[in-house]
Structures are given as structure tokens and as C-alpha cells.
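Both complexes shown next keep chain A, but they swap its partner, so chain B is in the first and chain C is in the second.
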Partner chain A sequence: MRRAAIPALAGALAVLLTACSPGLTIFSNYRSLENLELVRTVTADTAREGVHVTICSTAGEKSDARMYGRVGPSIGVALGELIHLPLGREAILSHTENLLIGEAYVKEGLAQCLDYMERFSEMRLDTGILIVRGGTAKDLVEGLTGGETPAPDAIAGLGRIAARIGRGYFFTCRQIAASLAENGCALAMSVRGEKADKLFEDRGELDIEPAGFAVLRPGEDPVFLSDEETWGALMLLGLFRSRNVDLPVGDTVLTVSVDKAGASYTPRFDGQGLAGVDIALTAQANVICMEGDGDLKDPAYREKAEKALEEALRQAAGAALDRSRVLQVDFLDLAGIVRRKAPLKFEGVADKWGEIFPELPLTVTVKAELTRTFDIVDPPAVSKGEEAKSPWEKLTDSLRDS
Partner chain B sequence: MIKNKQPEVSQEAPVTAAAMEAVFSDCYDFESRELNIGGNPGNTVRLCFIDGLVSGSDVAEQVIRPLTDPGRFGANVRGEQAAAMLLGGSVYVYTSKCRRKLGEAVEDLLNGFCALIFDSQGEAVTFEVKSQQRRSVDAPKEEKVVKGAKDAFVETLKVNTTLVRRKLRNPHLKIREFTLGERARSAVALVYIDGFTNPDLVAEAGRRISAIRAEGVLTSAVIEENIVDNYRSPFPQTISTERSDKFCLNILEGRVGILADGLPLGFLAPGTFSQFMKVPEDHSGHFLVASALTILRYLSAVLTLLAPAFYVAVAMYHQEMIPTRLMQSMIESRSSVPFPTAAEVILMLLAFELLQEAGIRLPSPIGETVSIIGALIVGQSAVEARVVSPVVVVVIALAGIAGYTMPNQDMGSALRLCRFLLVLAAIFLGMFGVATGCAILVYHLAGLESYGVPYMSPFAGSEGRHLSRALLRRSMAVKRDREPELHTGRGGEAKL
Partner chain C sequence: MGKTDRLSERQLTVLLFVSLLSPMIRILPTAAVVFAGRAAWLSPPVALAMAGVPLALTRAARRRANPGEGLAELIIRGLGKVGGRIFCAAAALWLTFYGGFIARSAAERLLATVYPNGGPGIFIAVMLGVALITGSGLTKNLARTAEVLMPVLVAVIAVVLFSAAPDVETVNLLPVTLRDGPGILFGALPIFNVLTAFEYFLFLSGHVEQNGAKKPRRFPWMPTLAAVALAVTFFTLGTLGEALSVSMENAFFMLIRNIRIFGVVERVESVVVAIWIVTDFIFLGAVIMVVSEIWRSVTGVKRRQAFVPPTAALSGAAAFLITGGAFELQRWSDTLIPAINMSFTVILIPGALLITMLRKK
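Moving on to the complex of A and B:
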């Protein structure tokens, strides 16, 4: 049995290798590592002939970022021509981290960009898509290039920090494409270039900063959400990480860091169908700064502070919900949430969701809690001249007393 | 022209001094002298022995002195009567044999006996007076012992069997002797526990040892390559060890052991892949630590086998698999290297093998120096001179170091060989080549058998039920499972 199997395996292997070799061997797929330029950022802007595409690449860790641009009838054609760089170098697109699309190009080019990224196997589906607000993507990246921090690193840095400061979230190509397919709309993070502060010498001419979410719809210009609406959307979508909020409490201003905030949804149905959705927001925050003379150990003051925080959260969430309904675009995916909560009942309202959604009664309840900081019984700053004692000394004193 | 002339020895011929001298003609270490029995000049016997194999003082004190003592052997004691007295204990040697066939007497002489030949009767009385000049039992040189017995096998079979017997004080421990080699006539012993070790395994091992056709058993390959199922496979199928404790441990697990005179090694069969990943220290250390180290060894085997091939495939064909930061670093380091990735890796692998070979062949202190110089200075210089990129040095060094964790040198060598082949497959076919190479390797390993036991058991061939046994060691406080593939006796027949 084994004697027969070995020649059979060898034969099958020979056939397999012969058949696959032309497609797999050094004659086609081989790329010399030293000749590669790593593309990390791609931009797409509208142009008279179609699309203007630029790539921002680096040849190594220490080399400066280089930009190459090409105009083509489509992003695929332009990128295909850009791959072959001067001096025999080759651009590799598999490490593209972000695709920046100019605001003007979104209307006509978004679908094309997504289609290209989904079909071209070298591009990753988790490439972030950013909309450049109030300018072209090329100008933004060019403005970023020139400082010590390469443009791709500056963009990647923003991606890491945007969610942590509660000002945005880097949605990937896959998430945007899925949302467009499912809801007919999607959120994407928008960015804008600001003149770089001269204090930051490692920057180029521009610095990049978040500019709220952009609501994308096929064939339409993007609609940009305000900062508060973006914050509210982050909480309602469960993407919130952290944000500092100033709260007016009486005569004082309390700055708190909201570290946890999430929403839970409860759809209400009656005989007529969907009667509304109850949205319960819960949040936790801790005090990081106080202006004025407030007593954090006073329960009444603390309660006031928590009420102020709840109000701020309610406003943010309400703003996002209102904008969604005004635009008549369900970018918060309420339909999906109701469907997941009550799939059978949702079937009855699925067809007329577009009509129901703008008038749907939404109740937002908020429960916020301030934790930490004020629980410190003896803060170092209020020792009032007494000699500070270590915990060990306090323990021995108390034992002696007892 | 020198004509090779083989003395013709008739095995069945009567034992005479002339015949014996004819057999050992042109042998300068062969000694023959006439002795007077009881000091009587008219009553002589011929003493023959091979100098060096026997202890001269023992011959003089235990044989010649009592034999020539007139008080012990009177003037009338002759021929047949003298032989009977010798066999009856008139000399002080604990082993004596009466030989009437020349072949038997010659065999005895070659085994450290001396012979008193009675020409008139055509017979000889032989006495065991072996020389004690042998290497003393010492700590193992190749298989380091951290926490365990430090008596390693030596080149003398009797000493080795004694080491085993001391550890396994059981009358059911059988040591069956075979004489192998047309010319060298080497002694080989088959060790097993009667009533416990699978009798089919014992019979098969005996059959294979008997079937060995060789001039002599002077190297381990003579035994290993003759008793394994598939001698073409580079993977070891018998466990060879210089440690007597490991040898005994495996005998207790139901394997058969083979010891050969002249080789400071013991061989154990059947050998399975999982056995080559274990060291005796696993039974000395804490079971959790031992289990973790066993898993680490398996990971090392994968690393040493696949790391260079994986690097080649990824660097040449599948750059999208490399994280961005690493990719940038690789492009940076590769940009100044004149050789393509494939040549660079092959070059480094060869350099690594050269260093290793040089380290082994040179005397110990110099060998270590060469390894250190090679690793540190040559590697560093090669990177600084931009002959190779640092990433390749790291990958090859990592693969090499992982290979050193293999408890068995033969297994390590087999993996090194496969590593080269996988690198070649990766060069030509990328990840597809690596996957194909691995598939062929698994096919080969899964098809191997050692004495009816699947080589990859318990990973294959035992329905995976005892998978944990290969990776984990249970506490000694818990009753140990026997290996089902070895079909050991269940009734405790071998217990005393």
C-alpha cells in the first residue's frame, strides 16, 4: 500500500509543482525587498481627467517620506501606474494604512475607491478611510510632509489618539463598505489640516486634527457632524473611550474625565408596531481639575456635579440622534439595533423604517457616576500644617492608642 | 605483492597447541608457553593466551602457581586427571570451561580467557582472567546530567550490563547475548524484562540483531541502520543514549535495550518521535516545569525547522505578511546587502553549519572558542561589512539555537537537513513550497513505524487519546499510565 502511495504522491506533486510553478515562482511574484517602497498613505482627489492619486511611501525606517502622484480615469488605473517608481523601484500597497479622500471627491469617488480596495487583493480591508474636510487630501499630506514626523506616522498617531480624546474613530474600509451595504449610509472620520504651531518643530507646515464624523451616502456629498454630535455618536455606537468635559457646578467649574460611557437600547412595541426606543446611557467619570471652591466630599455638591455630567451626556447623545433624524439617515444603525433586539417584530416595520425613523419617539435616560479622587480622606494639599505621617506611623499610633 | 592469507580454522577440529599456534600465527600479542604440571618436567601442558586481553598477574597467581605446585598436582597426575582437577577447582579462577573444539577455544581466548591445552587428549581447559584495563565509569559527556545518575556507559559490555543490573535488581531482567560480525566477533546484548516487555517485540529485536551481517560492530550505525524499519529516513528510530539511567527508565517502560561491546552507548527500541523530545531530567524535576520544558522543545523543533524557510518565503514573495515597522527595518537593512535574500540565507546556514562542524571536530577548549568567535565576531563583522542583513543573522541564529535544544543529536541533525530542504522549497515556491514541504514531511513521519509502533504516536495512530502524555508529565504521585503502543504485560508477572 505504502509502496504504491509514495510514487503516486511524488507524481501528483510533480504535476502540481509543474502546474503551479509559472504562477508562483520567482518568475512572477518575486519582489526584491531592497527595491520596495512601502506605501503607507494613499490620497484620492477629484481631477478634471478623473482622479488624482498620490502615494506617500518610505523606503526604510530612516528614509524620508516621498510622494508620487498620478492622474488617471480611475483610482485603479492611477495606482497601477504609480506602482512602477523611478530607478527600478516598486511601490508595495499591502501596508497602506490610510486612504485619504478629498471632500470634493467623496460624491463621485467613494464607491469606486471601496470597490477597488475590496477587489485588489494586495490592499487590506482594514485600511482606514479618512475624509479631508475643507481641502484636498494631497495638500494635507504634502503639508504634513517635510517635518521630522512622516505624514503616515502623523496620521497613524491621530488614529491612535482620536478615540482616546473622544473626538473620532478610524473606521476601516470593511466597516464603511458593510455599513453602506446594510444601511445605505456610513460614518467616516474626517480630518483637516491646521497651521502647525511653531513650537512643534518636528512638524511640517500643517498639522492634522480631527474634524468630526462625516456621514457618507452613495452619490451624495458628505455631511459633517459637529464635535458634540461626534461625541454623542461615539457613545451611542459603543466606540467611546475617553473625553474630558468641563462641568459648571454652581460657582465652580469641574473638569472630569469620562472614562466609560455606553448605551443600551430597549425597543418598545405596541399594537400599532414600534412605539419607541428607550436609550439608557451609563457613564463613569473622575475629577481631574476644579476651578473654584467646591467641596467634593459634600454629597450635595457631588450630586450636583453628577447631574451636570448627566445633562452634558444627554445633550451630546440627543444632538447626534436629532441630527440623524433631521438628515433622515440612520447612521447610528438604530434599525440594526431594533432588529437584533426583536427580530420577529422588526419584520413588520422593516419596510417602512424610512418613514418611521424620523418620527420615532426616542427616550434618553442617563446615569452618570463620579468615582475616585474625592474619596481621598486626607489629600496631601490639605494637611493644614500638621506633620505628615506615613501610613505605618498612623497604624502604630492607632495601635498605641487602643 | 602481498598475498592475504586467512588461516583456515576448522571449528570442529580437536584443540591442539599446533593448531592454536597456526590460528594465531603472525599475532605478536599471542603468547604460548609450556608448563610442567606439579613441577614435573615430563608432564607438560601448553598455556596460551592473548597478551593485553588477560591480566598477567591473574594468570601467574591464579593459574600458573597452583598448576606447578607439586603439593597440589602430584607426579602421577597426568592428562585427563589433571584436566578434571583443573575443572574441579584446583586453580583459583571462578570461570573455567572444558573445550574440545578448536573454534570454541579460540573464541574463549579472544574473550580474555587463557587456555591450558592438553595435546594428548585434543582438549583445553580455559579460564577467565580478563584484563581489568578499561575506562572507568564516568559522568556522561554528551548528555549532560543536572539532577540524576552520573554513571554513563563505557566500552566494556560487562560493565554496562552491570550498571543496568544494579539499577534493575530483578531476576526477570534478561540479558541475551549475540555474537556479531564475521571477523570482529563483537558481543551484543539484548536487554528486556521477561513477562513485562512485549514478547513479540523481544522476538523481533532478537531476529533483527541476528540478521545483522557486518564485519564487526565497531560503530553505532552498524546496529542502528540494521535494526530500524526504514534505514533511508534521516529521522532516528532507535533511541541511543550513554546514560544508564535513561536506558533503564526505558526498559521499565517496556522497550528493549541493546548493548554492544566496544560502544559506550545503549540503544532502545522502538523509538518514537515523542521519545526524542524527552530527557531523563523530565523525571527529576517538578512535573509542571518538566511539562513546560517539553512543550518548549516541541516549539523549538518547529522554530528550527521553519524559521529560515518562513523568512525566505515571506521576504521574497509574501511581503504583505510582514508588519509595517519590521518591513521598514528589513528594507533598510537589505538595501546595502549585495546578495539576494535566497543567497544570503543559504550562505548563513552554511556558515552556521561550518562553525558547528569546526566546533565539534576541534578539541573541546578550542572548539568552544571557535564557536564563540564565529558567533560573535564573524556574525557581527558580517553585519557591519554589510555582507548579510541583521534580520537574517537573527533568524538563522534563532533557528540554530532552537536546534540545540533537541535532546537527541540525531533528531537535531535530521531537522537541520529538513531545514535546508524547506529553505530550498521556499526559495522556489514561497509559502506554497513551505506548505508542500511540511506536508511531505508529515506524510513521511506519519508513515514511519518502529517495531510496529507508529513513529508519530501518540499524535497519530492512537486516536489522540494519549496526546497529553507526549506533551505533559503527570506527577509521580499519580499512577503512571503505560504506553499502550508497547503492549507491556499487565498482570505484574515480572514483579518479585
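Moving on to the complex of A and C:
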């Protein structure tokens, strides 16, 4: 056999044996583009007969976005039928971006959904999972206002900004499955529909809004965190990106953008084991607007503002930590943090973690810093009809006062 | 052995690297994580150190080989004509069965990753057909194919792992303490098991060109393969975590399913699996070539090609013998295959070579 024959044969077989060769393969996975319905969002809700599944496709060049629904005894059966049925087209799940699970379906369906997504070769582990709070996922995607593809576009948009506005984080199937497997609990972002103006005649009138983190445990209903607890959890988990906060400082209200916030942990051990965990929270913020006559040049004013910010951060972090301990669910993975910081000492308390955790003394210290004012030191003055004083007059006035 | 069927030492080592990539990727990272947990990424270097011992032994033994002599001739010289031939025949029978296992596991991988609704039959048949053609050809042709493919494979691994890097979380890989030592050691065993399979390829060493007193140029296949094993374990474990990695049969392919290259290209698993299938072709072709070479040495027949069709047929039968789908295959892969393989590569072949060296034959 000639030297070039083997690589050529191997290459040809590789092409023949995979989906690379349109229409020619033995078990061809090739599907004509014209007949594909590219699914971007899938929903799952509880139904009397099992589960109600909806798929939302994207709009192609010559087609509109569509939604199809089906009820089945399990997500595998319902989705399996749904992807082959709609109107002579074939739904392809390989580019699914998000799975929305209705609040009521989490308890019985979460594990099944995760398992299906891990097993089914078309789905990807990085598909985002969102819990729909206070309603069904189907109603939310059907009721959304917007353009041609309201649900996938709105959800994708929310995914891009959730962490940047400090109101959530899109956890993926991989992250949730890994957390459930390792810690017995996981966080997922929850969303809800808020009534809004109807933009299009044939569309709904709901806006999708972040609704805090949902704490997931196998076989249990989700528990939802408040907005403040979600903010605290974001900082404590190192997922925080940004959030605008109003701070009351004396008679003024200073709005700052917290752009950096993170926690470092120091476990304390004594002769009897784990004595507590010190949590040091550090944050940096920028002034983005001010209401009132605050003087940002005055160090005392800035210090007051920083103290107010520290208090807000302490409250948020404390709220998340308290909720975790009240629920007795370590969704902030304190066990993992202590284990990584002191692996050998942690072995002594690992078995008793469930008992120690709710009573574990936690000390939170916060250090916040205002770093810039974006070139505006004083807010734009609003004239009250008095004649403006010249700089010379202001100087002589101040000398006279002193 | 014809004078035209010669390959260089470098080509033999490249053939080794490309062939053994296939089983290495099949077992990692799960096989190591089961024992070592989050410290599994430290198992490949340990396995490399362990595999250095049989590598040194076989190199020492090969220095005693006459020109044109492979491992089979050395063993027959050392153990005697009857004992040596029985030993080599047993190795050939085992490798024939192992060839079937390679074909079956490659088919199952295709079914699990790309063709969920298919059956293994057609894939096994095609693989054995290719192995029949490559096995009947010259050893240097197969080695040359491996040489051509190696940069492609390394590039694909690099791109895939580079794309997975943003998802790696250090919490999945640390901390590692001294108490992880035994786990790391046990985790190294499956990797060591794959690395020591190089001994089978030395049955082809009679085809290697002799350069007189010159030191042969070799591709550092073992450190490179260990580095690939380390990278695959590190990135897969770092992305999926210990619990998920252990729950998956093919965690690396799950990782590939998620890959987005530069945020633009996604769903590349078909292409990656296709490239991997080519390594299976080469591995299977090499194993069938080795078996035919052993039979040639045992029987004294001049042309080893005569043994290729019956070997391919028997391997095919073995592939179909493994029934019960992925469950049965996993059971074989976890227990019987490594046990027999290690018996040969850690005890029997080194033992036979030691006897040969001690008897100064």
C-alpha cells in the first residue's frame, strides 16, 4: 500500500463515521438547515400528568420564532416527543441556552432535568438553569413582551446584566449538578414576570426580572433569598461584579457604584476544634450621583459615606450568612472554604459540620473605600435666584467668618 | 522480515504515543479521580515515574537483541523454544482479544457521543476493515500515518483544553495534603497500566533500523503522554469537580461537549471524536500488526501478513462477544482488561526479559 493511502483512508473514514459529511454517513446526524427549529429556551412545569415542557425556537431568516408545548410523564418523554413533532420541522436542542423550571416543579423535577441534560448528547452542561418564582415558566415565556424572539432574547439579556447589577448570577447545569453532588445544595438564579406595557399586539405584557437566588436541595421545594441576601451571597461567593447603592450620609443621599467587593476567610481553631470563622469583606465604590449638599472634598464627609457603605455591606453579608444558618443549608460553602484553608484541621470537624455550622461564631469585618467621583466634586448648583458670588467675594466672606 | 519493512526508532515511539492516547483518554480522568479525588491531577507524574522501571528494563533487554530480532525472538531465546513459543502465543491470544475490546470501546464511544440511536456492529466492522488494511501493510506506513496525525492530535488537545481553561476552578483541585498520597498512588495505577502497554509494541522492534553505534533518535513519548494525561485530568477535574467526574464514564468528552472555541465555534465534539477514532484505527491496526508479528516469530513463517485476516476476524468475534452494551464494557474495562494487561506488562513480559538477560542468551 502506498504511503499516502493510509492517512487518506483514515481521514475518509473519520468523515464518513461522523456528522461531517452531509447525507452520506451510515448513521448520519446530518439535518437539513431548512427543516431545523433551533431551540434556545426550554421550560419545564409541573402538570397533572407529569410535566409540561415548552420549547422556544429562534427566528431564522425566513421563519418566525415559535413555541411548542407538550405534556408527558417525564421531561425525557415530553421533550423527546416534542423535538420530533412540530409541523414537519425538527427541533434541535444543541444550542439551548436556558432551561426555566417552574417553582412547583423543582421539588420533583430538578434531579430529572439535570440528569437528562447530562445524558442527552444534544444538550450541553453549560445551559443556564433559572427557577421561575411565583408562577409557571410556561406563563412567563408566553407572556413576555418584546420583539421577534421575546423569551430567549430577554433571558439572554438578563443573563448578561444580572451579575453586573448585583442581583443574581446565571448558574449553569454543570455548576448546579456539581454543587448538589458535592455539597447537597446549590444556588440557582430565580426570575419572575413583572407586569409592563404591552409593546406589540401579538405579544404579552410581562417583563422578566431577577428575583433573588433560589436555594435548591434534592427533593425539596426551593427556598428563595431576598434581594439583600442575594447581594450578600454574591459577595461572599466571589461572584459579585457591580451594584449601585443609595447611602444616607447626613442630610444627603449618595449613590455609589460598588465595583469591587470580595471576602477573605480565616478559620480559627482552638483546642476543641473550630472556634469560628473571621470574614473580612473589602469593597471599592465610586460616587455616581448625590442628592443634597454633601462636600466630597471634606474627609469627614467621605469617611461618613464609607461608614454608611460598610454598614450596607455588613448587613447584606450578614443577611446571607444568617439565612444560611437558619435554613441549616451551607449554600455559601463555608465547609469547603474551611477545608481549603485548613485541610488537616478540618478533617477533625468534617463529620460534625452539620451540628457545628448553625452555631459557628462568624465575625464579619468590612472595609470600604470611595475611590473616585468621576471628575465631579460638587453636584451642579441649582440657582435659588440669589446673585452668584465671585471667587474673590467668597474668599473675603470666608476670611471674615473665620 | 523483508528488508523494505523498516521503520526508525522515532517512528516506533510516535506510533506508541498516538496509539496509547486512545486508551489514556478513555480512562481519564475518572479512573484516577475514583482513587485520588481532587488530587488526581498528581497521579500522572507518579505513573510516569513508575513506568520508568519497565522502560529501562526493556531498553536494557533490547540491547541484547540481534539485528532484526524483536521481543518475541528475545523471549524465545530466553525461555527456550517451547516455553518461549507458548509464552508468545499466549500474548498473541490476549492481544487478539484486546483488539476486539479496542474496537468495541471505540464503537461505544461513538454511540455515546455522536450516534445515540445506532448499534455497534457497523463501527466494529469498519474499524476491523481498516485494521485489516493497515495491518497488512508495512509497519513504516502505519508509523508514518501516526507521524502525520500526531501534530493534529496535539493541536486539538491544546485547543480544547485552552478553551476549557476559563471554567477551571481551583476549588476543584485543591487542597492537596500528604494524606492524599495513597490515593494519588492508587490513582496512578490505571495510568501506569496504559503506559506499560508500550511493551506490546516492542514485538515490532525487529523492524527498527539499526544505526550502528549511533544513539537512536526517539520521540519522548512517555513524558509527552504523561503530560497529556496530566492536562486532561487537570482541566476536566478542574471544570467538572470530583463528584461529577466520578459519576461520568467519559468525563473528558462531557467537557468537549461544552467547549466554545474563542466564543465563536461550538459543538465541536463530532470533529474531536472523529480525530479520536483515527487513533483507535491506528491502535487497533498496530495491535493486529503486533499479533501477526508474534505468530510469525512463533511459527517461523516468512510473511506475517498471512496472520492478519484470521487475527482481525478473531478480534471481531471478541468485540461481539462483549455483550450487554456499555455496562458490560465498563465492567470489563474496570476489572478484567487491566488485570490481564498488568499481568503481562508488569509480571510476565518483564519477567521473561529478566530471565533472558540473566541467562545471557
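Simple rule for what comes next: the second predicted complex is superposed on the first by the 328 of 402 C-alpha atoms of A that agree within 3 Å, B and C clash if a C-alpha of one lies under 4 Å from a C-alpha of the other, contacts with A are read in each partner's own complex, and residues count from 1 in each chain.
Rule of thumb we're sticking to: contacts are C-beta pairs under 8 Å (C-beta built on N, C-alpha and C of every residue); 3 or more make two chains touch, one makes a residue touch a chain.
Note that the structure is predicted; figures quoted are calculated from it, not measured.
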Touching partner for A:D126 - first (chain B), second (chain C), both, neither: second
Quick one: is A:A181 in contact with chain B, with chain C, with both, or with neither? Answer first, second, both or neither. second
Based on the superposed arrangement, let me know which partner A:D251 touches: chain B (first), chain C (second), both, or neither? neither
Figure out whether A:E118 sits in contact with chain B (first) or chain C (second), or with both, or with neither. second
After lining up the shared chain so the two structures overlap, which partner does A:E49 touch, if you call chain B first and chain C second: first, second, both or neither? neither
In the superposed arrangement, does A:E97 touch chain B (first), chain C (second), both or neither? first
Now for A:E359: first (chain B), second (chain C), both, or neither, which partner does it touch? neither
Name the contact category of A:D351: first (chain B only), second (chain C only), both, or neither. neither
Do chain B and chain C touch any of the same residues on chain A, and if so, which? 5, 9, 13, 16-17, 20, 26, 29, 94-95, 124
Within the complex, which stretch of chain C touches chain A? 110, 112-118, 122-123, 126, 130, 133-134, 136-138, 141-142, 144-145, 148-149, 167, 171-172, 174-175, 177, 179, 239-244, 247-248, 254, 257-258, 266-267, 269-271, 273-275, 277-278, 281-282
Which positions of chain A touch chain B when the two form their complex? 2, 5, 9, 13, 16-17, 20-21, 24-26, 29-34, 36, 38, 40, 58-63, 92, 94-95, 97, 122, 124
If you look only at chain B, which of its residues touch chain A in the complex? 315-317, 319-320, 324-325, 327-332, 334-335, 337, 340-341, 427-430, 432, 436, 440, 443, 447
What part of chain A is in contact with chain C in the complex they form? 1, 3, 5-7, 9-11, 13-20, 26-27, 29, 94-95, 118, 120-121, 124-126, 174, 177-178, 181-182, 336, 339-340, 343-344, 347
